[in-house]
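We just call them A, B and C in the order they show up, numbering each chain from 1.
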Amino acid sequence: MIITRPDKYFLVAGYAEGPTLLNAFDNALMAAGVGNCNIVKMSSILPPNCTLIPPVKLPYGALVPVAYAEESWDEAGVILSAAVAVGIPEDPELPGVIMEHHMRADEQACLNNVIRKVEWAFEKRKFKLKEIKSISASGKIELIGSAFAGVVLWT
Amino acid sequence: MIITRPDKYFLVAGYAEGPTLLNAFDNALMAAGVGNCNIVKMSSILPPNCTLIPPVKLPYGALVPVAYAEESWDEAGVILSAAVAVGIPEDPELPGVIMEHHMRADEQACLNNVIRKVEWAFEKRKFKLKEIKSISASGKIELIGSAFAGVVLWT
Amino acid sequence: MIITRPDKYFLVAGYAEGPTLLNAFDNALMAAGVGNCNIVKMSSILPPNCTLIPPVKLPYGALVPVAYAEESWDEAGVILSAAVAVGIPEDPELPGVIMEHHMRADEQACLNNVIRKVEWAFEKRKFKLKEIKSISASGKIELIGSAFAGVVLWT
């Protein structure tokens, strides 16, 4: 199933370890609650009049458009972080802007970066910013880790 | 909104600077006229009987399949270029082929590369080439830049 | 045309050479039988009750979701391999899991890796594994090569 007219969205994030980088990413998707669906990466606009909802359990194998940040790495002791933020415009007829940031540094630094990106995107568009919703995940690598954060469009 | 049966296409390109690589890319998308929609990257075939149209203003947040080239970088003075080219077959029942090229070099070099790729793709397929449509963007980095060129499928 | 409710899938793989990395990849897609359609990369779940079919000739320019592995490189003598594997759960109401692996090493090593990834994904989900379907492609580079393997969702 693929959604054709997203009018809802929700934020998800998770950090996990795994025996390979891909398994760690798979596990991070599961930690975020989107591990059993098909994520299709998209650039990064929230359609107008899209409503924030709590995360829903997606149907198995659903094809869902997601704007996301990922950081996966395999050096013990390194901190990984991923964050997304959505800027909501004051005018509900305008689109929102989703930004991503991932880095080998702590979660707050990652959030600061992603929020600043949203502010810049609004300045550039000359849209008035009503509010920013953000989410992030972070972890200190034990063996092989993956941090994931995404905005899921849904219907 | 996602299109299910693309029968039109148009070419877009833009170069922009920004305070981060992602904001520069976002700004390049806006310079190209596709900054407020959701681009989904696809490999690179023009459906048969698809009609070239002038760029349209896409609905905010629309999910659009785009074959694109991007080059983003942050060294002042470097020239960035991105180009796409579409080979149109003589037989309208055959598909066209879209190729991408991006490089840290001037626009004409980038165009030469992408056009040669289309010619090779047609030679390999043994399709007769009617014509090639191409578009490119280029800029000399001041601080952080992004060049983008894409073929948008539309309906 | 984009499929909205995939209920079939098939496995494809191919290795090819080409005059550039992108042309080699294009040629590998053609060797795999999916060269004239639009592949959209997705993460990696097989919807429940999806049926394995022999590869079909896809309509020109169709937008098809594919979970795939690719390895393209340009050093003569190097062996490139790409593999995908699908874990099928005993319970048909549960989703399958698709894993990818690509490497500059021989085909059997690549298959071993991708199969192990599927096993790990099932262990993590606590799903009982009924069987694993896999496919791979490999070649020794003459000039510029590309190995591709994918799971195509179809309807």
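Rule of thumb we're sticking to: a residue touches a chain if its C-beta (ideal position, glycine included) is under 8 Å from a C-beta of that chain, and two chains touch if they have at least 3 such contacts.
Note that this is a predicted model, so its numbers are computed, not measured.
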For chain A superposed on chain C via Cα atoms, how large is the rotation, as a multiple of 5°? 120
How would the chain B/chain C interface be labelled, same or different, where same requires over half of its residue numbers to be shared? different
So what's the Cα centroid distance for chain B and chain C, whole Å? 25
Residues of chain C touching at least two other chains: 2, 4, 40-41
Across the complex, what residues on chain A touch chain C? 1-2, 4, 18-20, 22-23, 26-27, 29-30, 35-41, 59-63
Please name which positions on chain C make contact with chain A in the complex. 2-6, 40-48, 50, 65, 67, 94-95, 97, 99-101, 113, 116-117, 120-121, 124-125, 153
